[in-house]
Every structure is written in structure tokens, then in C-alpha cells.
């Protein structure tokens, strides 16, 4: 019934490749089916002005799409001289979500920038960015600890994200582009490894959605998040 | 227990003044406690380029804060030459929510712009903008029908919004600024008059939030939305 | 003979409301007939770079119109990313005029920003901004003195502004929009309470204007300014 | 008594060189003492959008200073990405003043752009731009008539501009930079060849100025304008 | 003697992967040692305004670096709101070079945009972009021919590029970052498959360079270009 | 055979006027035939951030064209809010070339900005800017030495630039606009007074160019540069 033939609660194949490029403190290629995003983590000593002297660090994120990562080419934002509203919204969401994974006091006066650049888009680029960005962030934290820049790893919980929706009346997990563009409702769910919610953003695309639909979407989201958390853990601990 | 002394599920005093300024097709001053927003609706014949020739209309929104609507002055975005990420995010939310109230086909090739300008801020400016913006939109639709620009009123449902949160462990309704800046979780809920969800955006501010908290927040939101829907109706039908 | 039925030298009803919003050090709603402007004064410790270490303060002004304060909606400057030439010109005039009211040495190293935001426009928004801005400025100065941030009130004179013009060959006072758009000449006059000129800007709109017209316009301006000075004084001293 | 040794009502040496560069329809170098401005007039068929289909033409102006035309270098506006408020104000004044010289109906659907670029600044660059810009405009009109693009020369009057001020208590004509930076009052006067006023902009620099000072400034302005009008005429008619 | 141990006239390992992403008409990953660039070609029907109605097509290029493609992170140009001078210079060079490969008349009124996005930088990103961009362009042309949008393949010659330099007094081929940042002279050479020059840009980095050095650099460039031309051909014809 | 009737290796009349304007430390009008550029040098104490504390100075350049310096008016970059790619490319070339003339250590922590503003364009404006810019730079260095801001003149060599090209199959020197727009190849050559190359930028305009053409262009360039070097020397040493 789904265009991809998947079960309603089935994720797309998920692949997380660490050390994808060589310069960044953390560098991850995340592939969720045909969606491919490079997530890098850059550590810089110092904090933005509004945090000066507060004895804490900062996590921020930036997001971009290569102009031809999509079906038809989108304008290069650098050439337009302006990020779109969608980009701004997404990078704020990524930053907010990843800050929830970290004790900023333990990070000291360091700033970590997570860059999420979409190489190929097929739905779910923002949730892939959060999931992959967490792995890059975790790698950067290890570098900080190994280099004795900080004493203790400031990661307090693991963060993962997934999109869910209502497609032909059924709650489904991990929408790809053909589903995303036809779903009645679209919801991004960001959770931690203890099952707590970090952020929920649900939007009715045509009809309003009911309590029942929301409960159904949350149920498939919970299943998907558990699998993604597992995949992150495997990438971070088993594969090195 | 709340700084304002309100009950956990009690709204702030809500006042909706129509025809607040004289030029716009719809012009509303909405006051939610000390939060005051001017919402105007402007009708222009024609549609944006991406809708040309599709035989439908468009609803869009813009949001701004007077520089000294807040405790300390914020930079004037027109002088900075750029809207902040927060502004962009809010005006996209307002536009999306209000489009859910309208049959765009019945609107014909007309564009309605909802301008929400915050005169005084005390928490909840984005939800006040949606609630007040709906009333301005409804007035503009009446003008279109009265002037025979369209045959039928394209409003399909009534839309209202409210913020809820978890404050000192308790789900509370309609956060003011002192609560908003100390809440553990903050959630904006936009619903229609049939009890369907249009949009939900919940964000953990420190700790992740639980299912139980979410259910609690949705419960107070539902109560608040019902009262706001009533107040909008009173403003639109009884008071004229 | 005037569209409004006023005498040639008659002001529109003038209303000055202090403490209009709650956060600013000075906050004034000025209403000149249907023209309504919110003027706030914000005090910040410190001065712009070009005044660093000179032992003096600074007064600056910013001006904006709500997009639908006018007959047809004007683009939101924050969204366009640029203030129009008209806006720039007006806010420079407001700042220059209000600096003439103040001994900047006595202000110490403080900067006061006057924000003038037009809620509803019906001609004369720039002169209303100066007149209302002066009252907001005076309130901010009182706050500075009361809080012992400065020893002495730095206000040296009272400043008021009015537009005059030649309409159907006759010099008239305080042009509203229908007159303004049809006047042969338009002149903004800013004066102090001792009858001295702070700034004069007269523009022929079609025909050049003669000495005689100028003398006539100055005469009605002088009468109007005297009444406005009185109204400011009443607002500042009697009504509190 | 004046730094330059001039009489109170004496102009600086004024030199107008036509055909200064070879590409423009009108190209003038105007030298007022050490102030040197290149004024070119460019004719393009067509009008700005707001005039489409109204059967009239348009005159607009742009102003710039070479970065090192002044004592200390000013930022190049093209590199900053923004014109300063002062520039915007000046180019609006030039455009408005020159439009007063022209019957725009007779110009047909043509747009003339006057570019005023200051090569060397020593006070009075905006009035030099208007005076020189008029000559460039007149040359462009002749080209249009000679090339039979229009039937009749649309110039209706001759426009000239001068700055006057109060320096050490005395009204003086044509301020150079040392005077300009010390004058108590500064006034720009734009008039036509029939003695009518096109625009007056007077600004008190410290003290307010009196009626008497204004009358004194207008008297010297009138004398100066008459001489400038004569010089323009000589340049346009005798020297070719 | 070279940091990499290569011979003076030895290229880095060169790998060209076609069909790297799935949406673009041409999509190439080019790897020159550790320098990795994604080059995509996008075909759009229509031409820029300055070519309307001339019966020809257009090739243009855009270039960007992922923020952490380099040793230390560079600002995201989309966030700064401006492309750097270096970026502008590079993308103009890429566009100019690739237009030399094409008969624009035969392309018809189509525009091809080559996007070159650097994933990992280690010297020579602009020449890699040209070499890889040509392959993406060639693929896009095949698509146009296969889809019968044009009759004949408009490619007239094969274009490749390489950097050469003088390092420790010796002309060397294909500088990597450690060489590039220490070379006395740096020259980019773009040639076609007939041995003709398309563009040469040589810059002395400290000392001026001599005729002898130039001849030496051209000699190694010629050898390198021949090998690159061969590699492009293999990628385009043999591997499919 | 050349449109101007010149020999293949003949320069246009070259005129260098020092002290062209009065404020700058160096101010030169350079005229190469009908191409006229004002080059000024401004000295400011201090260096850009990336050189702080390195005990050296900096040379930078900016370039602009008056809007009507060309056949048809180009947009004023200050009004567009953006410099074109061409402008950025040119000003980077001028700065790079002139830095090659200077020992930046001996300059101390001073920054010299060379402003090149084209008054009239007829081909070769970038090379004229470099040639004239060098003379302005040399004058500024003398001022620094005379005012004892630095001990020793930091100029290490003389820099000059010329364009050459292949026109109707023949290598020619110093292209004017009619040649430039029809040349098959266009090459800018920047050399010092010892015959070393500072920068070479050659571009094929239609056909690729051969070794033989390159050798021919370099030969005429060498002849032209020698004459220009002589003219700079005459301007700097003989004429004062």
C-alpha cells in the first residue's frame, strides 16, 4: 500500500558512515533510503557574545541543500544572498534538539557547530540531519575529551528524530518524498533514548487531524526512534 | 502558585476589538492579558507566481514586534535589513494555520495578507496573532462577499491558538512571560472549532517531557481553545 | 473649503496619551485627527562608536509604518530587507530635531532611541512623530533623573513640529491626507518653545512657491506650534 | 572674516564644463571652488512601473562620492552594500528639484537619470549637483529633440541651487567646508529663473535660528541664485 | 622532494564517478587525491534575459564549499548573505571555461547550470570543478539528445584543467594543499583536447616569476592535461 | 588594420597626472587613450583583523565605474546593494598586483587602500588601474616617509600592467574597446621593472589559442610594459 512497499511501521534502510570527510572533529554521512546528508561537527574555542562569561558552551546548527539535491534545482542560497524561511526553521530545530543532548556547563566555553548538508533529498532531510548530527556531535565530544580540552563528556542523552504521518488514513513511519507530498498529516518527532520527547511538530496538510491519528503517529514514531537509537549506538560503539 | 495567581487551566483576560484601524479590510486589536497585537487583513486581487492560473487564492502572514514592545529593546528588523529566524518561523506558522481555515478555491484569485504587529509583549504573541488574525481574516472575507468579489464565504472552519506548558511540574494554560521563561516545556496548539488539530509544536526547555505531560497539556489546551473559539464568535457575531 | 471643514489655521484634534505601553522608559500615543503614532523612548547606557570617550550622550530615532496603516498596504520593510528612502529621510529628521532639545553633555554617556511607529496614517506622520517623540523623550529623561543616572535634566527646550501647505492658493495648517495629496506646496516646520526655528523643509509640488506663500505658511505654522507646545506641556505637567 | 576671505554674499568661482565625458547624452563637470562634481544625464526609452501607460516621462537622480573625495576616506557604498541615509536624502532632493524643471508629459515615455558623482568635496556638493545636473539635463533634452525622439523641449524653467548659512552671526552665501562645519545654521535653497522657490531646507546646527536670520539667508541666496542662473545660461547658450 | 612524494610531473590519483546522485541530468563526483567535488548539471528550458530571442543557449556555473570541507571551518555563504570574492571569481572561471566546450547555437534556448560543491578540499578545487563539470555537462548533453530536445550534441571539444606551480624552484604538477600554500608561483591552466589554451591564470606569490618558470609550468601542465583528458574519456565512454 | 590605425605593438597615448585631487595621500588621473581612471591612495594606521600583531602592513584595492562611464549606463553598484562579479574580480587583481610591489614588513602596521574609479571607459580599465594605482601608491609611500611614519620606503619594485590580445589573427598591444569586443583572445599581463611576471590572465574568447599566439602576445606585452614603466618613472621623478 505504501509507494515503497514498506510496512506502515517500517523504516527505510538506515546507514551511518562515520569519518566521512577528514577535516572535521565529527563527520558523518547518514543515508535514510535515498535521502543522504553530510553532518559535520566543528569545535571552536569561545562562545557567542550572549554567553560570554557564563561558564558554559553552545551548540548551534546550520542546514543547506545542494542546489540539485532535489527533483528540480533550487536556487543556491549563497547566490540569492538569503536563506529561505524553511532553511531557517530547520536549522533552528536541529540546534535546539541537539542542545537537549548536552550539559552545556560541562562543555566549557566551547562552541560546536553542526553543519548538515543535503547531498540527495527524498523526504525526511531534517530528521536525518538531527539523527546524523547527533553522531557527529558525539564524535566531536570524544575528540574534546581525548585532547583533554574538557574533563568529562558532556553528552547526557542520545537524541534521534523521525518523521511520521497519516497516509491514506493510516499512520506511517519515515515518509519518503512520494508519501510526504501526499500525506494528510506530517509530524516530526524528536526523542531521547529514555523515551522522553524533545520536540514534536505536527501539521495538518489539508484536514485537521484527530486525537486518534496523533496517538497512532506517536506509536509508530516510538518504534522507529527505538530502532534509530540502536543504529546510532551501533555506529558509535561497535563499528570503530 | 502561578505568578499571576491564575488557576492552572485559566486563560488571561481576552479582549478582541474589531475595526481597530480604519484602512484595512479587517483590523483587530487582540489583548491576552498584557500581550497586545494588531492584526490586519489586506485583500489584493491576484496571486503569487507559483499559483498563477490555478484558479485559487492565497493567504499569507507577516509578523513583527515594535522594537520596544519587550522588556529590553530589540533591533528594528527593517534597520537590520533582515528578519530574525524567530520572526520567519512565526509568520510561517501563522500563515499555515490560517490557510487551514479557508477553501482557497472559493477565494478565487485573491491574496489576503495578515499582518500581526506586536504592540506590547507578555508571552504568547504567536498564538494571539493566530487567534486575532482569524478574526481579521473573517472580516476581510465578509468585505469580499459584500462587495460581490466572491460568491460564497470561503471560511470552512474557525481557527484558534493557545500556548500551554509544564510549569513547576504542572500543565498550565496560556503562559505569560514570567511563566514562559521558566517553563520546563512549552507547546503551541492550534485547533479548529470541531476539535481537530491544525498544528502542534511542543518543545522541551530543559528536561524531555513525558506522555503524561503531553496529555495534560493537551487537556488544558482543549479547554482554553473552546473558550477562545467562543470569544472569537462573540466578537464576530454578537458585538457588531 | 478644506475637505475637513476646518479653518485655514485650525489644527486637527490633538491627543497625547502617556504610558501607552508598559516596558519603555517613555511611551506615548499621539493622535492628530486620524493619524496615530506610538512613540517610545529607550535608554541604554553607552554611546555609538563615533562618540566614545567624548563625555556626551546621543539621541537617535527610528521610524516605521505598520504595513496597513495606509490606504493600500505598503511592503513591510523588514521583509524587503531595506528601509525606503522616505523612511531614512524621516528618521534622520526626527533624530536631528530632538537632539536640538537636549544638552548632550548633561545626558552623560547614555543613548536614547526614539521609535516612532505609525499605527494609522492620515497625513503629517513625521511631524506627529517629532511632537510625540519629544514627550516620550521628556519622560525618559525624568526616569534617568529619578533613578539618579544623571544629575540634571538635560532638556533645554521644548520641540514641536507641524506641517503647513498651500491648498487652493491659501496657506493652511496641519494638512490631512486629502489635502496633502492635493497641496501645491508642503512645508514641515519644527520650532522650539522660544519661537526659534529648528528645521524648515518646504517643497513645491507643482508650481514654485512665492515669498508671500512662504510668509503665509510660516504665520499659520507659528500659531499651530504654539498650540502644540501647550498640549505637550499639559500632557507632561498637568495630567500625571 | 570668512576663512576664504570672501564677502558675505560672494560665490566661490563657478566653472561649468560641458561634454566632460564622451558617452552620456549630457555630461558636465561643475566646479564650485574646490568642490567638483561630474553630472551625467542618461536617456532610456521607457518609464518605471508606477508610470506605465500614463503617457509621461520621469527624471530621477543618483548621487555618490568617490571614497577619497573627502578629508578622510569614506567607505565605498557599493562595497558596504548600502547607500547611507545622507546619500539617499541627497539623491531624492536632486531628483525632486530637477523634475520641477520639466513638463513630464512633453518628455513622453522616456526616463532620464542624472548621476552626480563627487570627485572632490569642499562643501555644497548637493547644491552643485543640482546646478550641474540641470545643465546635463538640458543637454540631454536637446539630444532628444535633435534626434526627433520628442517634438518639443520639455524644459519649462531653469533650476539652480545654493547653500547659505549663518556664520559667526552673519548670513553668508555658498559655504565651503571650513564654514559649513562651523556654521550655526545651514540652509539649501533651490529656486527657478523666475525667482520662485522649489525647495528650502534649513537646519539649526546648535541654536535655533530666528526670522531675521532666515530673511538674511534668503536675501543672499537670491543674489547667489541669480548669478548661478546666469552662469548656467552662459554655459548652455554662449559657449557651444 | 614533494610533500606527497610524487614526481614533479605526477598527477594525484584521479577518480571520476558518474551518476553520483539521482536527480540531476549529469552528476559527477570527482576525486583528485583528497580533493572531492560534486559536480551536477541541470538543464532548464529558456535563457537569461540578455540572450532572449538570440536563438542560442547558455552555460553557467556556481561554486561552493561545504563549511567544513577545509582545515578550519569557513563561514557558510548562505548565512553570511554573500558569496566571497574568491567564490565569485572561481564560478566565473568555471562557466567561461565550459562555455568554450560548446556550440551555444546548437544548444538551442536551453540553460545548463553546473553546480560544483566541494565536499573535501586539499588544493585544486577550481580545476577539479572544471574537469568534473565537463563530464557532468557531457552527460546532460546526452540526455538532451536522447530526449530529442536538441538534434545534435553541441559539445565541440573536451575541456580539462589543472594547477601547476613553482615549488622550491621546480615546476610541479597538480599542487595539493601543503604545496599550494608554499608555492612561489601558482598557475591554473585550462586546455582543450586539441592542445589549445582556453584560459591561463598565473600568479606570483612572492617573487615575480621568469619566462623559464612559465615554460616549465606549461610543460608539466600539458602532460597533466593529456592524462586528465584521457581519464574523462574513459569515464564517459568506457565505463558505462 | 587596427580600428585606431595604430601599429600592432603601439600603445595608446598615455598620460599620468599626479595630485589630481587634493585630499588623498596619492591621487592620480591616468589616461590611456579615451580610458580615464582616477586612482587615489589612502593611508590609515592599523591593519585588518587577520593581520593583527603580525608586524606588517596591508595594501588593498577597490574598483568602480561611474554609471555612465560606458556606452550604455550600468547600474550603480551602491544602489543595487552589491558589486558585480566582474568588479570583485578586478579589485582583487589590482590589490594582489600592487602588494607585489611592496615589502609589507617595512610598511609597518599601516593599511593603504587604492581606489580606482573609472570616469570614462574605452577598454583596458583594469590594467590602467594597476598602472595608475602604482603611481598613487608610490606617492603615498613618500608621504609616509616624509612624515616619519616609516623609516624606509617599502617599495621594492615598480609594477605596470597592459592588455594584449589576438585581433584578426595578429598579436596586438593595448586593446581599445572596438578591438577588445572583437578580439579572439584577451590577455592581461602584469610585470615588474625587472621583467618578471606578477600575473598573467589569458582568456580565449571563441577559439582556443596556440603557443605561438601566446608567445606573440607576451612579446608585445613586454615592449608595452617597458614603455609604461618609463612613463611611470617620468611622472614620479621628472615632473614634480
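Just so it is clear, A, B, C, D, E and F label the chains in written order, and each chain counts residues from 1 on its own.
Simple rule for what comes next: contacts are C-beta pairs under 8 Å (C-beta built on N, C-alpha and C of every residue); 3 or more make two chains touch, one makes a residue touch a chain.
If you're wondering where the values come from, they're calculated on a predicted model, not measured in any experiment.
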Item to check | Intersection of the contact lists for subunit D and subunit F | outcome: none
Checklist outcome for this item: Without subunit D present, chains still joined through touching come out as one piece
Item to check | Taking each chain's C-alpha mean as its centre, the one farthest from subunit D | outcome: A
Next on the checklist: Please tell me the distance, in whole Å, between the geometric centres of subunit A and subunit D computed from their C-alpha atoms.
Outcome noted: 59
Checklist entry - subunit D to subunit E: how many Å between their CA centres? => result 51
Next on the checklist: What's the distance between the Cα centroids of subunit A and subunit B, rounded to whole Å?
Outcome noted: 28
Checklist entry - Do you know which subunit C residues sit against two or more other chains? => result 81-82
Next on the checklist: Which label fits the chain touch graph of this model best, line, ring, star, complete or other?
Outcome noted: ring
Checklist outcome for this item: Ring order from subunit E through subunit F is E, F, D, C, B, A
Checklist outcome for this item: As the complex stands, subunit B meets subunit C at residues 21-24, 27, 34, 36, 38, 40, 42, 44, 62, 64, 66-71, 73, 76-83, 87, 113, 115, 117, 119-121
Next on the checklist: If we count contacts the way the header does, which residues on subunit F are in touch with subunit E in the complex?
Outcome noted: 82, 85-86, 88-89, 91-92, 96, 100, 157, 187, 191-192, 194, 196-204, 207-211, 214, 218
